[in-house]
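Inspection log for the structure reproduced underneath, given as structure tokens.
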Amino acid sequence: MKVSIMGASGFVGGELLRLLLRHPSVEIANISSREYAGEFIHRAHPHLRGVSNLQFISYDLERIVSNSDLVFTSLPLKASLDAVPRLASAGVKVIDMSPAYRLPKAEDFQLHYSMVHPDQQLLSHFAYGLPELYRASIASSNLVANPGCMALTSILALAPFTELMDDEASLIIDAKVGSSGSGSKPSPAGMHAIRYGTVRPYKLGNHRHGSEVRTFLRSRDKGGVDVLFSAHAVNMVRGILVTLYITAKEPIAAKDVWQRLRGAYGNEHFIRLVKDKLGSFKLPDPKLSIGSNFCDIGFELEPDGKHLMVVAALDNLMKGAAGNAVQCLNVMGGYPESSGLDLVPVFPV
Amino acid sequence: MKVSIMGASGFVGGELLRLLLRHPSVEIANISSREYAGEFIHRAHPHLRGVSNLQFISYDLERIVSNSDLVFTSLPLKASLDAVPRLASAGVKVIDMSPAYRLPKAEDFQLHYSMVHPDQQLLSHFAYGLPELYRASIASSNLVANPGCMALTSILALAPFTELMDDEASLIIDAKVGSSGSGSKPSPAGMHAIRYGTVRPYKLGNHRHGSEVRTFLRSRDKGGVDVLFSAHAVNMVRGILVTLYITAKEPIAAKDVWQRLRGAYGNEHFIRLVKDKLGSFKLPDPKLSIGSNFCDIGFELEPDGKHLMVVAALDNLMKGAAGNAVQCLNVMGGYPESSGLDLVPVFPV
Amino acid sequence: MKVSIMGASGFVGGELLRLLLRHPSVEIANISSREYAGEFIHRAHPHLRGVSNLQFISYDLERIVSNSDLVFTSLPLKASLDAVPRLASAGVKVIDMSPAYRLPKAEDFQLHYSMVHPDQQLLSHFAYGLPELYRASIASSNLVANPGCMALTSILALAPFTELMDDEASLIIDAKVGSSGSGSKPSPAGMHAIRYGTVRPYKLGNHRHGSEVRTFLRSRDKGGVDVLFSAHAVNMVRGILVTLYITAKEPIAAKDVWQRLRGAYGNEHFIRLVKDKLGSFKLPDPKLSIGSNFCDIGFELEPDGKHLMVVAALDNLMKGAAGNAVQCLNVMGGYPESSGLDLVPVFPV
Amino acid sequence: MKVSIMGASGFVGGELLRLLLRHPSVEIANISSREYAGEFIHRAHPHLRGVSNLQFISYDLERIVSNSDLVFTSLPLKASLDAVPRLASAGVKVIDMSPAYRLPKAEDFQLHYSMVHPDQQLLSHFAYGLPELYRASIASSNLVANPGCMALTSILALAPFTELMDDEASLIIDAKVGSSGSGSKPSPAGMHAIRYGTVRPYKLGNHRHGSEVRTFLRSRDKGGVDVLFSAHAVNMVRGILVTLYITAKEPIAAKDVWQRLRGAYGNEHFIRLVKDKLGSFKLPDPKLSIGSNFCDIGFELEPDGKHLMVVAALDNLMKGAAGNAVQCLNVMGGYPESSGLDLVPVFPV
């Protein structure tokens, strides 16, 4: 499959390149970047020196359309809203990494992005790119919206348990994220001396990734559940951990929780269930999946059986972004789902 | 005042020394350590080289009693349970840094420490060492239990809002803590290569500091509220941030929240209210109070007025331990409450 | 003494404020900042919230001159070259934190800053602000150039040993520095995700701070010694460690090294000699002086007695910048040299 | 090829497993660990959960000999000295990861390990496992000593330049290393709160890896050159950067340096030459090779042409240990040298 990446100079672009350069069924057609057009790949991605001699091209949609079967649009919101319709109408498959096509409901989009979605029609043709839950619709779609990294982590943690949720109680999602999730653009708040050693809460309660979780809950007839989604920036580069506080309508037992987890993910290549009595890592920790496409899920259940805490951890640039997107590509292309993704975590790092 | 520290070789002992060596009304009588008896202070606390030439003595209770007005017991649980009664019966004031006298209710102690409290009688004479809430009882007591670091942070965040809590909803406390909170004793899980870069959830739901919060809620007639207290180890040495998810029984407005915060803490020297629209630090972050005795408190209120998120941040060795304990000493000794504690945060670090 | 700070919104300005706000003999007159004029101090220095309600003024030289006995110019090079002559001619004492007046030799300045120094005349009236070596000239001068942070560290490590240096051998200085040394202005290379975890060599051999060391060597008749000064950015916010590789013309013994160190610094308040056989910190480490004005010096001597390695460590914003500058103020003002500087290191952090 | 790992529970063992589990020509026969015998692999290596279900066996040499073509001995010094002769005499190929067989000269071994080498005879049959320099002898040997991580990095940086070195001048090697190089055994100095944020010099001048460099220099008739090898622990988990200060006997030009580097490494798969005028990474930085087998080399030459600074950077667990060892296996087994090693660096991390 001939694949291009638009907006290939950011962190997600770099991670897509790390994966696609070694993917057995992919040939990279073009990589575009306004800033680095004409430059070699290592100019934006110094770690790829000696790995590839690709050069960035400019934002040349005609050229990209002409030689690509699939395009990853790893662009800012507005650039995606501009490029995706043109790629779609040219018949090219698209996996969009931006938030442009993640929220099917007009109000949700407007709430977070302060604009009316310009193409509600196209939006309805997008599959939500979470293979563990929507494999079939991804396989049959040409247009995939790659989920927000914290939304994806949360939905994977939540999915086995929606049925037993108490509609009256709030769902609390407390997320902790590394700095690579904020992108590579310089900012005062992102400077090492300022960002290092912080635990910086932001978007308490109403982070936009919460709306993706709400969309998911609606799809499970749990649209009435309040979702409080809070993010905290912590001192690491890669990684997300989400802690979900779920209230059950009826008391449940630990074996029910296990059963649901195994039922949902027992055959999933990239989901690991982690709940141990021994060792330094008894529950999921993003440190255990750096560089890999794993999402680890574990839990704790209160003795009353009504309060269930689910934790999920992953590498935000992999299963939280590029890895998951390549998994979608595999589903769309009919390749083995772990094709190009069978990477062992790098530990310790 | 002549002051001694038993168990002075750990991180809390080191921080007490940093403060007491510069305290205008304190003379350090003895510092004891089994491991470092006979050694100079910089052997255990290399940063104090050139600051003090004190020497550790062994665990010599007679000597300590004979020349101390007040003793900080910075000892493991069982050592505290042994030393404190003897100090108390000798009429020496005690500020206990261990968890030995924090939980007045026998079941709570037994739950977390798997033993019956050996001296329930003495326990009842202890004041809970949180000056902002219990100034009077600390002032009139000879025995003070310094709170658990995350409990203290949480209770300060919670106190202004107990009245408006919905008894039916759970109180969620999601804490993020640095490595100095785990003490200096070597362990596999604490090694730099293993502990660095983690977000490691532990004691999800039932951390022992949750029981201190429950004790506090009972004192406010909110004993029926479920408390889920979860801790997460993150990649920093000093610092705690707690995120509290509070459900209000009736909708409230942001100005009510401000009013309650200002009412509770408007005159408190060590509490800063942080909620800003600009800058890199819009809400509390432990990075802003390193080395100081400040506790920063901020909040976010959902539009429905029923979901209130309160965040509080501090330096766990200062306001979370030694700084707060010296504040208690000041209250007990009748000194200005900021005596020896008027330290400006070190930033950035 | 009435003191103002021009350019008070950067990291060095913030550290000067941390010190001066608690200095017993200093009253802060004005703090200026182009960016923050009219704003409260915590807007630029969030850690100072609740510590001070000072407001920044604009760059108003008249006003500053009218009410200041001494001004810290914590400005970029060109702004210092503009402001300092005007302050000097108005009779105000100046401690300049920029590199504008550190290098007395015209060629050196031109080499590093690609411009001819505009006021060679004024330059000759500056004392080099290193109290341990130039106390007398600082005391009698109205104009002080605060040294470059790595230069200062290196010169303190080197000073006791210049006499015994082999003129034919090179002096190698290998420096490791934290991110706060690069200032607070956003840059791609300084972003957390990029700067975190690096060991980034820069200015190998010809860092500008090397020229300050060369200037010092000339003053000791060792101008012929080649100096290779290399800097490496490492993963911390505060701290400098320099490793000096010195070749002796004649073999020396460890006791000679000790004698020289004690002779030079035995009575210095802020220099600690660190060379231990036990413990986790056998030699200087910047981690041991964070927040304090200490410079730690230690050494290793090869069995041949000809190769001496000296290491020195300090907090770059304290003894490496603001702390040292306040020490200069104390010397200039006739105050005890540790006035406002008697801060105990914060450890661990 | 059937391969076993003795001492497979440490960091190097874990990294060997990460590589060998994906190596196309290797089948893992046995992995042994005294501590984890009988346990699943994820007990020691939590990141390998879901990747492999191997179990550790005890130290059962018979069993290992019976089913292995090649054994990695990733053991402490004395355990290697015990196991290797028995493996060798049984005709099994050995790649020893310990320092037991790295130093051919008896005095060197004795100096650093305070014991006489027990098997000088066997020692002489070992190839030094640095494929870029000793490919042929590795290919023809059954016994390979994997180099010390900092020695390997230094020798790769040095090799192109030995010819032009001034015999009278010292070679200075200043190394900066991450915490994973110290192994996983708990120690006070290695705890996160103590090790975090340090720049801790150790073994100034006489680190044991210096003796490997001296051995190499003797092989190039440069045995007279003094080598000062100093190590500094810095705040990262993976990574080494060495800065070499080389004095040339005659002035050289930058193009000569390039020529030598290209001549030595132009065809090497795992060596990248890094010297750039643009970007955040102008010279080698270990951050650019995390998880990969690359060693990056760059340089700076003083205008006098006599002082050459060479820097080299790599991932200490990869090219500095396990990756290099698998490269040796590939050479010994006649496989493509990048077999199982064609991993793209993970960046940023």
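We just call them A, B, C and D in the order they show up, numbering each chain from 1.
Simple rule for what comes next: contacts are C-beta pairs under 8 Å (C-beta built on N, C-alpha and C of every residue); 3 or more make two chains touch, one makes a residue touch a chain.
Predicted model only: the values in this text are computed from it and were never measured.
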item: A-D against A-B, pair bridged by the larger set of C-beta contacts; value: A-B
item: Chain whose average C-alpha position is farthest from subunit B's own; value: D
item: Computed distance of Cα centres, subunit B from subunit A, in Å; value: 38
item: Separation of mean Cα positions, subunit D and subunit B [Å, integer]; value: 45
item: Multi-chain contact sites of subunit C, meaning residues that touch two or more partners; value: 11, 180, 188, 193-194, 196-197, 237, 279-281, 348-349
item: Touching residues (chain side subunit D, partner subunit C) in the complex; value: 169-170, 172, 174, 176, 188-189, 193-194, 196-202, 204-206, 226, 228, 230, 232, 234-236, 239, 241, 243, 245, 247, 279-287, 300, 302, 304, 307, 309, 311, 313, 348-349
item: Complex interface listing, subunit D residues touching subunit B; value: 11, 178-180, 182, 184, 186-188, 190-197, 237
item: Subunit D-facing residues of subunit A, complex; value: 11, 14, 18, 21-22, 43, 45-51, 180, 237-238, 272, 274, 278-281, 288-292, 294, 296, 342, 344-349
